[in-house]
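See the structures that follow.
The two complexes that follow have chain A in common; it is paired with chain B in the first and with chain C in the second.
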Partner chain A sequence: MKDLTVTVGDRPIRQVNAEIRDAVAAGRDVTVTDTKSRHNLAIGMDARANIRFEGSVGYYCGGLNCGARIQVERNAGWAVGEAMSSGEITVGGYAGMSAGTSMLGGLLHIKGNAGPRCGVAMKGGDIIVEGRIGYLSGFMAHAGRIIALEGAGDACADSLWGGEVWLAGPAKSLGVDTRLTEPSAEQVQEVEALLAERGLADSSRDWRKIVSAQRLWHFQSRDAKAWLMI
Partner chain B sequence: MADDLDESGGFPFPMPSEEAVAMRDGSIESHPVGVPESYEEGKSTRWSAKAIADVHAMSQLGRYQLRGFNTFSRSMPTFDDLVFVPATMTRLPLEGYRESCETETVLGDRPGLVSEPIRLAIPIYIASMSFGALSANAKAALGYGASKAGTMTCTGEGGMLEDEREASKLLVYQITPSRYMLDLEHLRKADGIEIVTGQGAKPGTGGVLLGMKVSERVAKMRSLPLGVDQRSTVRHPDFLGADDLQVKIEELREATGYRVPIFVKVGATRPRYDVAIAAKAGADVIVVDGAEGGTGASPEILLDHTGIPTISAVRAAREALDECGMSGEVKLVLAGGIRNGVDAAKALALGADAIMIGTAALIALGCNSPRYFDSYAALGTAPGRCHHCHTGMCPVGITTQDPELEKRVDVAAAAERVARFLTAMTMEITLLAKSCGKSKVSNLEVEDLRALSLEASAFTGVSLAGIDRPYSW
Partner chain C sequence: MCGIAARIAGRMADIGTDLVELMDAQVHRGADSTGFALYGPPRRTGFVVRAVGFNRASLGVDLDDLIKVIRGYGADLESDPTVDEASSAHVSVRLEISELSDIEKWSREADELSHRIEIQSVGRSLEIIKDTGSAADVAGKHGVRGFIGTHGLGHARLATESSVVPTASHPFWARPFPDVAIVHNGQITNYFLLRDRLRRDGYRFMTENDSELIAVWISDRIKAGLDKLQALEQSISEIDGVFTYLISDSDSIGFAKDRWAIKPLVAMGDGGEVAVATEEQAVRRIYAAEGDVVNYDGPALTNTWPVQKAAA
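Then we have the complex of A and B:
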């Protein structure tokens, strides 16, 4: 069936989202125009949805995603794809603060840079950022993978519980309780395969993988000073 | 001068021995003069035994101490400083045994927004206490007990436990900064959603769960490594100020189809402003948790030295809603140190629309009950004074993840006790309300109260007993 076009403009978001949902329920793909960087577009969509935003979107676009494929042509505001459990979100430009916050699964692909706190409290899934990720990215993440091709800002991967931050570029500084590791060839192959699927194959990358140093997993008197920093 | 050395010292008899003067016969060698109180208790007002022990503890641990339960501060004004002035001549009391008093309490019922407001048969419900802080049996018992009494429970920080969803007819799902297990599926299973921005027991800090309690099931639900000392962030990962909160609330409404009410919980610090901001951001229900609020584990200094007391917080919160014209549209829930129906009735009269209880519900489950004395002793405590929830070794199986201890919560019996307690609390409220001539508990008002102390009057604006004027500056 033909794509349905929904126009955002200054209309109530509730109405816009209802039209998107109805179209999805009717089995149609949706193109959304005149997005005006409005907040809360395409929240909690399911696996039937195929949505394309022509333009930029505001906060929480694709939030609580549950299987939908969402494309944002230009930039996204704060917390794009927050709490996504499955599905795939692509941002053509930059993403603001807290992209992929507390994601549980699925894939978030940002073609430009991501702002600070990318992937904080993340619990699964993958975030690919073709540019750089901002400061405190991966802060207190539990699981999942953040992959940044051009590196990271300050305090990268601060206080990780688990999960991995992969950098193919420099980090301005690493956060507390982090450990820099050399990924194994196998691990690199897995990440490169994921990137190749997105048309980002490049065998010349120099990878570093950041994981938790696990010193903050337990209150320890000898670490009292480290605790002051968190 | 030589006269001073006279053997008899001026007596017409010989000088007594020093030993006799010192009353050494039978006295304690180290107590040369009498036995002053200070020998038994220490009398330094600065260096009490506790202050000394605290320095010893910090100098060994290199950190502050954590514990459960609630504040030990003696400086909190309490509901006991207020009394009801029932109806006599100027007002008509209701006939206690013949006339009824409406207790139904509806949350999220502002016109035309939420399609399924929460209808509670009584004005009390069970506070969020996470699975993790509580055992699964305790969660289930609270759920069944609350459902039987016609009211609801809240999940708490650790995600939605199936046992609780099954037990609770009405369940509020908490969104905490750590967002454990938060996804669309669970959000849509909730009858209400609560965004937590603070807690009375520890405003300004995030949750803590010590490793003892991070069992396999807890770790899985929170996606944490097994047995870590879990600490949570305090700031939400995806909003900061009031304007963002408004967008966040809209997101949650979109995700749930404008079906369920959105709650915002604040720890009582600046309730006048926080409540106004939460109301402006679009919350349907605002939960104010006073400084006396309970906790599973908090830094002790926050329990004892942060936040403002429940009785003063509620007045500020109500005035804030009145001032922005939101009273009635936005509901105010009060928590923090509510022990029984009397406290609850006073809280309603002071301006709350509903009351939330945490610790009292745990006590109804069996917390501090006189059983398993050895288990209390192993923690260095005894029934009636236990506050060891943070250890994970709760003697009665409530705040533990130890499978053996957890069995001590008999779900059916504990649920029945919770239901009876909630019913009894409600009877206390209606008894007082009827005596004040109210046919609905929601009609209780500040005028039904008098203050017994200048302090209580000054904190709440309630008129002083007898003189009928509030303390004013």
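Then we have the complex of A and C:
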């Protein structure tokens, strides 16, 4: 069946999302036009959905995704793919603050840079950022993997609980309770295979993997000073 | 939450409508009150004064007392005062006056009447219009659309630190510095300490709002010899809390953002004009087409945008 085109403009978002859901239920792919950086588009879509946004979207696009394939042609605002459990979201340009917040699974692929707190409180899945991840990225993540091809801003992986931050470029600084490791050949192969699937194969990358130093797992108030950042 | 915005038109234009649009697009960030700092055609001498009278019924007497204070400083009305025609108890007043001999002393004396009529702004071109309600409410009541000027600020308030009354709304005038105003999104946690210090230096604060501090603090730093960008940078280490604020005067609009990078700001525009807002979808009300958006998402950032003087 032919794609359905849904126009956003200044229409109520509830109506736009209802049209997207109806089209998905009828088995049609959806192209969304005149997006005007509006918020809350395509929330809670399931595995039948294949949605493409022409232009930039606002906050929380693709939030609570459970299986949909969502493409954003240009930029995304705050928290794209927040709490996604499965599926695949691609952002063509820049992703604003807190991209992939509390993600549980699935893949978030950002072709530009990501803002601060990328993957904050992440609990599973993968985030690939072709550019740099911003300040405090991976903050308090519990599980999952953030992969940044051009490096990271300040306080990278601060207070990381579990999970991994992979960098193929420099980090401005590392956050507290982090441990910088050399990944094994098998681990690198796994990450490179994931990147190759996205057309990002490059065997010359110099990988560093950041994991939790696990000292905050057993916080003692007498150590509080060690954790003060300012 | 709160939403903030700035607009530089690059020429004399209907900045009133632009700022109403920028704030209407962010109405979900707070509709307790909405306010605008609008820069009209600049005067060579004399000032535009914006004030709020707290009792519409006694406005005549209150205004007469204020005019007496104005005349005490060698100035006079240049036209009849205008007031809003609404039915609210409080009433917004606009005065055009000639040159004051000492604006600092005059302001202190005029503030003795602030329990009856409170000065909201003084400037060669600045006019602060603020009231309770949404952008549409305030624009409708005060005729903000159609205001012709060079630049301005907007604010949508979700009240956290002080009362929901027109005078505790944003923008705040940097009492007594003519033409300086701020809007702020965030919470300042050490404002009472900094405010007490400034009070000891003779500054006067009219509200319990944390944001009122910022305008005066920056203006005081500039008076002490810093340039605008230096003052903005210094505010990041000395003002504590999460904040993104915009500060305007007749020459430029600047912003500063705290070390925690919580409160967003985006800008779009070129060729001497710019629209700045908390949310990208707001600036898209001004620039509908997809274009290059600058996201000020990082920690500890500042910038200033100049107002083209030739355009004025």
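Heads up, the rule we're going with is that the second predicted complex is superposed on the first by the 222 of 230 C-alpha atoms of A that agree within 3 Å, B and C clash if a C-alpha of one lies under 4 Å from a C-alpha of the other, contacts with A are read in each partner's own complex, and residues count from 1 in each chain.
Following the convention adopted for this analysis, a contact is a pair of C-beta atoms (placed from the backbone, for glycine too) under 8 Å apart; a residue touches a chain by one contact, two chains touch by 3 or more.
Given the structure is predicted, the values throughout are model-derived calculations rather than measurements.
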Partner chain in contact with A:W78 - chain B first, chain C second, else both or neither: both
Dominant contact partner of chain A by residue count, chain C or chain B: B
Contacts of A:H39 with chain B and chain C, given as first, second, both or neither: both
Chain B versus chain C as contact partner of A:G153, first or second or both or neither: second
Touched partner set for A:A201, first chain B, second chain C, both or neither: neither
Chain B versus chain C as contact partner of A:A193, first or second or both or neither: neither
First (chain B), second (chain C), both or neither touched by A:A26: neither
Chain B versus chain C as contact partner of A:H142, first or second or both or neither: first
First, second, both or neither for A:A47, with chain B first and chain C second: neither
Touching partner for A:S56 - first (chain B), second (chain C), both, neither: second
Chain B/chain C common contact set on chain A: 39, 58-59, 78, 97, 117, 230
Residues of chain B touching chain A in the complex: 60-63, 177-185, 187-188, 210-211, 222-225, 228-229, 231, 233, 237-239, 244, 247-248, 250-251, 253-256, 258
Residues of chain C touching chain A in the complex: 259, 261, 264, 279-281, 284, 288, 290, 293, 295, 297-299
Complex interface listing, chain A residues touching chain B: 13-14, 17, 39-40, 43-44, 58-60, 63-66, 78-79, 82-83, 85, 97-98, 101-102, 104, 117, 120-121, 123-124, 139-140, 142-143, 161-162, 214, 217-219, 221-222, 224, 227, 230
Contact set on chain A toward chain C in their complex: 36-39, 55-56, 58-59, 74-75, 77-78, 94, 96-97, 115-117, 134-136, 153-154, 230
